[in-house]
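Below you'll find a set of structures to go through.
Look for chain A in each of the two complexes below; its partner is chain B in the first and chain C in the second.
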Partner chain A sequence: MTDNEQPVGPFAIRQSDKRARLLGRLQALTLHHYTHCTPYARMLETLHGNWREASTLEAMPWLPVGIFKHLRLASVPDEEIIRELRSSGTSGSLQSRVLLDRETAAAQTKALARIVSDVLGRARRPMLVVDRIDLLRSGEALSARGAAVLGFGNFGRHHTYALAPDLALDLDAVKAFLARFSDEPVLVFGFTFVVWRDLVQALRARGERLAFPSGSLLLHGGGWKRLADQRVDNTQFKNAVADALGIQQVHNYYGMAEQVGSIFIECEAGRLHTPDYAEVIVRDPITLSPMPMGETGVIQLLSELPRSYPGHSLLTEDIGAVLGEDDCPCGRMGRTLRVDGRLPRAELRGCSDTRPA
Partner chain B sequence: MSKLEQLRQTFSDALAIPPDQVMDDLRFNSIPQWDSVAHMALVAAIESAFDIMLDTDDVIDMSSFAKAQEIVRKYNVAL
Partner chain C sequence: MDLILPSRGDGDARAQLDGLAANRLRAFDASTLAFLAEFSARLLQDHALRSAPELVALGYWFRPAAIETLRRRHEALAANGVLRPRGLVFHVAPANVDAVFVYSWFLSLLCGNRNIVRISRRDNAHRATLLKLLGDTLAAHPQIAACNAVVAYERDDTVSAALSARCDLRVVWGGNETVAHFRSIPLPPLATELVFPDRQSWALINAEAVTAADDDTLARLASAFHNDAFWFAQQACSSPRAVLWVGGSATIAQAQTRFWNAVGEELLRRAATPDASELANRLVAAHRAAAIAEIKLNGRLDDWPLRLAVQAFTPQMRGAHCGYGLFYEVSRDTLAETRELFAAPDQTVAYFGFDRATLAAWAQTLPDRAVDRVVPIGDALRFGDYWDGQDLLMAFSRHLVIA
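Moving on to the complex of A and B:
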């Protein structure tokens, strides 16, 4: 919370300007992490020996996102770490550990605020959190869900939780919330699968339909894998939300604990937007070469925010495609993305059995 | 109690720390009691105490007790 430079975007920079701007910032981050994180430096030398020569975003070194489950990676002294995020979002049972200092945490918070304000506006709204009321406990390492609720909590007031500790729908609490804020648009926030199972389906099972105030907005993220298993897609999700809650404005977001802040938010035209702080590259799952626009492959995410840990360039375990550049009907600049889901049972390993393109 | 002392007491109550620890240079995330979870409760307490409604940007910018005074003044509270 120290920089006084003019806020960027969050979707204002044209693709050509953005690439040049990001390249300089990301190269500086690579050097910073190389200098301050010994295990990262060793991996760079082993996996990306020519990293110093990278002159395009595509040539920049990356780490497989799963590395944070195996190594504790920090680029700042331990005494500067103020928060540790834990996530089991990627495949397998191990949890990722993401270490944040004050500067990185603040940069994440600000970036998230700019991105979400772009669809939500600046005024905070009464907020219904579709999660367990006991999700946030001071002192413990934050779960990815807890961190998300905290980050998005800045856009709300009178935070009300829709679920009991056992994830049962607390219909009385939801109805009391609706009665109290019946004449102003509210914000509903939750993980995609939790919203689906514990709110939308739970209401259906009880034969209940709710009428949220006109202009209310549902923001949800966390992935479609469990919904895809039930053959529920984004359109069906939106229709079911409109039916059960009376909410027409529904925005998905794509993001991960390893790159908090620079999220990809779904616009009115239904596309996920790359913010000015980030870039997306899609790679061939076998050769790992960058793929042309429109083709489906493994998603690599670049973000200028991670400074306390070497997470500025990560090959994810998700598949998807870049849909366009600077050409979305909604008017936002940069690349748009479609995310199709998780790589089937694969965990890309950067230690010995893959090589960068 | 002056409005400034009222703000100090609000911090003290919301963060569960003694009022004399609430100095201008008290910073967000510098003590365990003022973490992100407590910050939400603190914002709610300030809004309630002064009957104001902070914007998202102000919630995020409220990174110290000094900054909190500056922000609360923006909402026409004479500290």
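Moving on to the complex of A and C:
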């Protein structure tokens, strides 16, 4: 992908043009991974035998996203790998391993920048990171949370962490941040559940309400599972954020460590938007056939960014629906998405596990 | 540590454990037989547990007639003296299969032992009903209640070490990791240990017998296979994960079509519905298998059951198996050519279309530790007093020789 092939904006391409453009790029990626990643080639030959004939996005071969928890898949020589992302997700204790070379990492960073600045504007804002201050100091491989903070950190300046190493709210640090940047809009960033539990709820518990400067924006992602368990939905989340922080502009995003960069960001109309570099297909959870718009099924994500690992077409374990195409009131082109959560974990029935749940 | 059973006024786990030493039972004690008879009757009458075939089987297994058979066998075992209880037995039960802790516990109880049973806190579908039934039965049999303690505690080595230190026999069910972990916790010098680590199992089918079978036989075979493979979501040690076909390639192809069609019809007949989460697990397992071995997809990726043709069922493929209706299919021309497929972790071979003499001769040729049970398809999950190559009546007893 070179610069002159980049579209003007991250949500600029109409659906009809986008599909043809993506198809060619994704087919080329399939061939690239097939040629350079032996296990991937074996999986295609065995389980997706007619992959060469795929003439639509729907017919493209995919990998189940869980495969990255079991296999180390790279389509570039080891010496070109500069970063390994790890993500535990929410199901099970195994971590996904995602291998990045310079080119893929750069493409991810660039894509993310275009998407985020579409919502946030180009200026770098003072940034409050709702996570523990030592997040980026520990461990060799980068956790998904660490990777997200690094990636999104590019859109801020004067990064301040809101939480102590034990995830306790560092109210003094937050108040000092607010005192210093009292008259310009700031960016607050964090994982959905961490923002909820360790900032919003922690403030409530202390009977504190903060007044962030007007125009400030909260960007959060990472999944709703733990909030759904507590029966907190997006509206309640936004109301609670407005109440506790005085922030009106709240944007959720949907994305995963296995496809960093091509995230789906929530617009002013409350829909998640597919960027120009990506596509979403919703499939029947049992037959895996593509489903009509509006129907709920498992989400398949296509992205033109993954080049160092075969993650350009992934069948996720997330449930959602395509809401529309080129028709969001916010004016962004492409498909809009609703994400409802995850497939429930399959019940374990074996006799070989005495470990307490 | 929480005392789950029996229910005590003070709920004091420690007091219950300390009280165990003061009580004695004989093997096949009249009080034990009365307790088990009531347990079996209550279980078989319980409407809530009817939908759990493994618990119905449990109730059936401990009915008085079956216990009489065990008693006679126990008596015969003591031909050179007497069988005495081991003493205090500490059972570590698996998290996912409720019935197992009851088999282990009650067989040990029958042999006259006092028991400490550690169960997981995981909430299974019928767990609460089963525990209540056990609690009610124990309440009516105070002598049995005084000899037993069912406890739950979070993984805690000091507790496991304390319980191990007071036992005469430790029984560890469930998983190589758990077995390895408990082996690092010392036992008293005179205590012994019985372990049940990870095992895997096969179905073994004579292709010609399938092509020759009439429709009724085939339907019964499919129903029996369904019980073996689907009751525990194919995750029990005894559930067949690989199907070994014996015959010429044309015969096998024909037999496979017939057999899997019949299994499909059986699933329909039972109104079993495919599950999206299970499919997601199968997809990952199939892709793992494709990456590590030469496989061929028999059918489609979204098929349930999902079938993968392979040359062998390697340790790696065993590790990548998820259950939930994923079958590796291996073909060989003759039974003699199947030997090298088997390995130490293999537990059960559930067969169709072979006679006993043929199987007995074949079993003599298997590698040292491989295969502990060869049973007809349909009996794979049936618990037995011989398990993993151990005679449990013997293992739960001490043979005192009288010359």
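The rule we apply is simple: the second predicted complex is superposed on the first by the 334 of 357 C-alpha atoms of A that agree within 3 Å, B and C clash if a C-alpha of one lies under 4 Å from a C-alpha of the other, contacts with A are read in each partner's own complex, and residues count from 1 in each chain.
Everything that follows uses one rule, which is that a contact is a pair of C-beta atoms (placed from the backbone, for glycine too) under 8 Å apart; a residue touches a chain by one contact, two chains touch by 3 or more.
Since the structure is predicted, the reported quantities are computational estimates derived from the model, not experimental observations.
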item	value
Chain A residues touched by each partner, larger count belonging to chain B or chain C	C
Touching partner for A:102 - first (chain B), second (chain C), both, neither	first
Chain B versus chain C as contact partner of A:288, first or second or both or neither	second
Contacts of A:70 with chain B and chain C, given as first, second, both or neither	second
Touching partner for A:39 - first (chain B), second (chain C), both, neither	second
Chain A positions touched by chain B in one structure and by chain C in the second	none
Of chain B, residues touching chain A in the complex	28-29, 32, 35-38, 40, 43-44, 47, 53-57, 59-61, 63
Chain A residues touching chain B - in the complex, by the definition given at the top	1, 82-83, 102, 105-106, 109-110, 113, 117, 122-124, 136-139, 150, 153-155, 157-159
Residues of chain A that touch chain C when the two form their complex	39-40, 42-43, 45-49, 63-64, 66-67, 69-71, 285-288, 298, 315, 317, 343-357
Chain C residues within the chain A interface of the complex	92-97, 100, 120-122, 154-155, 172-178, 196-198, 232-233, 235-237, 274-281, 283-284, 286-288, 290-292, 295-297, 301-302, 320, 323-324
